[in-house]
Amino acid sequence: MALDRLFRRRRTRGGGRDVPELWLKCPACEAQIYKKDLEANLMVCPECGHHLRMSVEQRVAMLVDEGSFEQTTGSVKPADPLSFSDTEPYAERLRRYQEKTGRSDAIYGGTCTIGGVPALLLVMDYAFAGGSMGSAVGEELARGAEQAAAQGRAFVTVAASGGARMQESVLSLMQMAKTTMALDRLWEKRLPYVSILTDPTTGGVTASFAALGDVILAEPGALIGFAGPRVIKQTIRQDLPEGFQRSEFLLQHGMLDQVVPRAELRQRLIQVLSLLHPEGAASGA
Amino acid sequence: MALDRLFRRRRTRGGGRDVPELWLKCPACEAQIYKKDLEANLMVCPECGHHLRMSVEQRVAMLVDEGSFEQTTGSVKPADPLSFSDTEPYAERLRRYQEKTGRSDAIYGGTCTIGGVPALLLVMDYAFAGGSMGSAVGEELARGAEQAAAQGRAFVTVAASGGARMQESVLSLMQMAKTTMALDRLWEKRLPYVSILTDPTTGGVTASFAALGDVILAEPGALIGFAGPRVIKQTIRQDLPEGFQRSEFLLQHGMLDQVVPRAELRQRLIQVLSLLHPEGAASGA
Amino acid sequence: MALEFEQPIDELEARIRELREYAEEQGVDLSDEIELLENKLERLQKETFSNLSRWQRVQLARAPGRPTTLDVLENVFSDFVELHGDRAVADDPAIVAGLARFEGRSVVVAGHQKGRTTKENIHRNFGMPHPEGYRKAMRMMDLADRFGFPFISLIDTPGAYPGISAEERGQAWVIAQSIQRMGRLRVPALAVILGEGGSGGALAIGVGNRVLIMENAWYSVISPESCAAILWRDAAQAAEAAEALKLTARDLKELGVVDRIVPEPRGGAHRQPQAALAELRRAIAAELEPLLKLSPEELLRDRYRRFREMGAVAQS
Amino acid sequence: MALEFEQPIDELEARIRELREYAEEQGVDLSDEIELLENKLERLQKETFSNLSRWQRVQLARAPGRPTTLDVLENVFSDFVELHGDRAVADDPAIVAGLARFEGRSVVVAGHQKGRTTKENIHRNFGMPHPEGYRKAMRMMDLADRFGFPFISLIDTPGAYPGISAEERGQAWVIAQSIQRMGRLRVPALAVILGEGGSGGALAIGVGNRVLIMENAWYSVISPESCAAILWRDAAQAAEAAEALKLTARDLKELGVVDRIVPEPRGGAHRQPQAALAELRRAIAAELEPLLKLSPEELLRDRYRRFREMGAVAQS
């Protein structure tokens, strides 16, 4: 469902491209922020602390030990098994997204160390079709879990997704089972899986691997849920309560281990991984 | 905590003994019922369907196949490990209850078949110290589960208890762990455990073995809970909602498999046991 | 209550019935006329039902009178004992579950339940479970593993309930947990799509070693209506969305998502429920039998392999 | 905030302090007088604390400033990462849980948490968990088994919360489940009674291979006040009830319910928390070490044997 939400937004916003790219407006407090400052601050608004979306490359850079990252994703390309077409053929859309992001599909990551712990990190790219999970994304996730298990690595995912990719219909639905079941390869080896939820994570991604971390962390203020707020509003025909489906709400309702500000995320992840990964757990590293 | 509630009731009611024993008043609809009729109706009020307490002997008789019952309980006698005394020494109280009921402690049962399925059935006796669980009751339960496991029998308990027996303090608390852990002997052999809850079942009995049936059945209108209603009222200082902690309330809240009228209980139990016990499960008996 | 495309058939059937009654009452012989009409009916039915569009099948999957989980439990299985509750929060009537016997053998069953009347439908939330329903289903999976009984799920839901209460209690979490729990079953697991297989709410109990589907059932990541509302921005384009989503039994078989299609009587299971249920019994028996010979480890491996292969990607 | 029986000691301590200050300010030598008073203080302390009644120990177990679960996590363990939530309904602040390191080794810890201020005490419901708290603890046990880490529980609760909301969500059920879950741990399990061990709410996380207790902690099927209210019909008889219930560390050791008493500094752990916590670290290390050598099956057997023997009966 995510794909379209993104399309629509892009269409109605349209003009954004004309604004000089040096400045960005914080969507929360509307402050004009110098883009370089924002990036230096990990895309967290220096005025109000709002966490903006960040590029997957920056996300990887902020989490891994410098120089340790080797990309593993990219060889799996999406297909169009249903020859799906709505107002535009799926194949066309894919091409556009590939051009725009320079990626095969909505996921990016690879092997690395995090605080010295060997890991395999996969980050979903919301800029590619709303981070929706089709067969290629599911395949990268399953391979990632399997590779981590085979190589004795911790598995870490950073979710940002509108859900399953409608244009692959039931095949995208099946990715929920595939990714979930692949996690059990880590169980057999007693290797940890840490799931990090960012804004937004909804639908089939929340309802599969992303909800099953041994430890689940989320960024502040992130929208996280099963159904999107619009669907829920349509169902119940009333407004949603303040803060509904935000990280802090989910923490209160027992779904998350911690809400962690972006600036502290790497440190928290290192702490968790070094406690859970066999190397750190026994040696007292 | 049950013990005292019973004492008090007995004291304040006192005079009950003078009423001719041929008639009984239904505590729900206040109808006067001929006692023989009530017994023939399994102690269910023919006027309003209220389930009155029944003797453990009658309970066993209504559940087992005729002629199949052999008592196993009785050899374990309660002790007074703390030399407990409040307004009366515990040893005295025990003696009084033993005289009144003709039983060593608040539990009665043995081996039997139920619809042809080999079983070990244990029934708690509310008339003995409010069915409270001390070391002797816990020991009978643990032995019962162990014997059922060793002999390939289903294990069935009928709970009626005000909770743990205060006069044995922490030793009665430990019976919660002992009885719970004994159930795992049945797990190892894939033998079923069916828990039947009757009025009232509260405290340490609900919070241990009785809540852990593979299938949990309850009689209509039975009071079932952790804390007693009086304790809750004192804590929250307001009245309790209608129907609170009754079987039907617990069914709605997901704690029970079924609420079964007493007249149907044996039949339901047979159905469940023949599905769960290895003999009935594979053969299709 | 006939579906729109069924109406000409229903009308013709009514005409034939009237004619027969008239002939009997009046003692006249109209057998030639009736035979002619019956031939016409036969042709009309063939025409209509052998070329069903995907959207028409979706409507059949929702037809009133179509066998529900409880109908299956009462007719395909025997000795059904319903078990209630998730032992944590509530009993969810949108999922029905319990112990039953299949060909003499004890099994554990859980399935979505729609109401068979409007009142029941409201009680059962139109077959849309809350988290409690999935927790009840997981409890059943525990029971199946505990006793070594096969686990059979019956899928018939528009989807998991998308409301505030469900979100508050972790709808996404419980679906993920249920997928994981079912994937870990150490006993044979069958999933049967009876009617509607709506998205994650269906998949939550769909992780079988084998997945069966009734001929007119559908299974998709999203309902045609919602898909049309989003992609075409017009729910009325549901028929087109249904085509695009390739959500019918035959599509799913081709995609490798289901293993067996259970044939329905002509016109759909709601026209002859007993015949449909008899076919279902045969299909379950046929799929269950080989699984009973596998060890727990083989079953786990088999299930993993089955879902691991799902999807279509192009390798560079 | 001194306990009643501590007051003479506290007053004498204050007097000595004043005298010292006076001597310093005025430059006079009062060392003889101070020494006399200190001897008197020493005698008074010895007298008071070496003959504590059971009821006095109950008060020490509740003394403000006594180390809580979080104090233990911060001082006895290192690298504590708190984990939240039961993944079903809520996060219960009355139970604190997470990962930590003990002597370099990863462990999982869960314990009741009382507030260290009044405001925090309200937030933490005075250490009385709802069902969500026990489900969080069970999730920790799952985590311990999953990674093969020892599980350590810290007990300090007047009891599980006896309120409507807790009953609605199955307080009895979750306690039973937690006892069962902890009994099934395939890793070493230690339970430490830090302060109050109130009934089933304590036992729910008390099923350790070894059970340790702080010298002034208590553990009983019911609090002395409630027991007195019921049996003596007068909560003021709590002191007498405490005697009857035999709920102190020494009693419990004699009854075989605890394996080790962790000595507290004279006057109780609240007087010298750091010293108390250092003793606790030593005790945990000593009890954990032999358990680390046992296989999962040995641990299960050991735990079953331990609790199977509990109780006192007369055989006919």
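Note that the chains take the letters A, B, C and D in the order they are written out, and that residue 1 is the start of every chain.
Here is the rule we go by: a residue touches a chain if its C-beta (ideal position, glycine included) is under 8 Å from a C-beta of that chain, and two chains touch if they have at least 3 such contacts.
Everything numeric here is computed off the predicted structure, so don't read it as measured data.
The minimum number of touch steps linking chain C to chain D comes to 1. For chain A, the chain with the farthest CA centroid is B. Counting C-beta pairs in contact across B-C and across B-D shows that the higher total falls to B-D. With centres taken as mean Cα positions, chain D sits 42 Å from chain A.
One finds 33 Å separating the Cα centroids of chain B and chain D. Here the spacing of chain A and chain B, counted between their Cα centres, is 53 Å. Contacts with at least two other chains are made by residues 253-255 of chain B.
Contacts with at least two other chains are made by residues 87-89, 135, 169-170, 173, 177 of chain D.
In terms of inter-chain touching, the protein chains here follow a pattern that is not a line, ring, star or complete graph. The complete set of chain-chain contacts reads A-C, A-D, B-C, B-D, C-D.
Per the touch definition, chain C reaches chain D in the complex via residues 87-89, 131, 135, 169-170, 173-174, 177.
Taken together, the chain A residues at the contact with chain C in this complex read 1, 4-5, 74-79, 81-82, 84-87, 104, 134-136, 138-139, 142, 164-166, 168-178, 180-184, 202-204, 206-212, 224-227, 231-232, 235-236, 240-241, 244-245, 253-255.
Across the complex, chain C is touched by residues 187, 190, 192, 214-215, 251-258, 268, 271-272, 274-276, 280-284 of chain B.
Contact residues on chain C toward chain B in their complex (touch as defined above): 79, 81-91, 99-101, 103-106, 132, 135-136, 143, 146-149. Against chain B, the residues of chain D that register as touching in their complex are 160-164, 166-173, 175-177, 179-180, 183-184, 199-200, 203-204, 206-207, 219-222, 226-227, 230-232, 241, 244-247, 251-252, 255, 257, 303-304, 307-308, 310-316.
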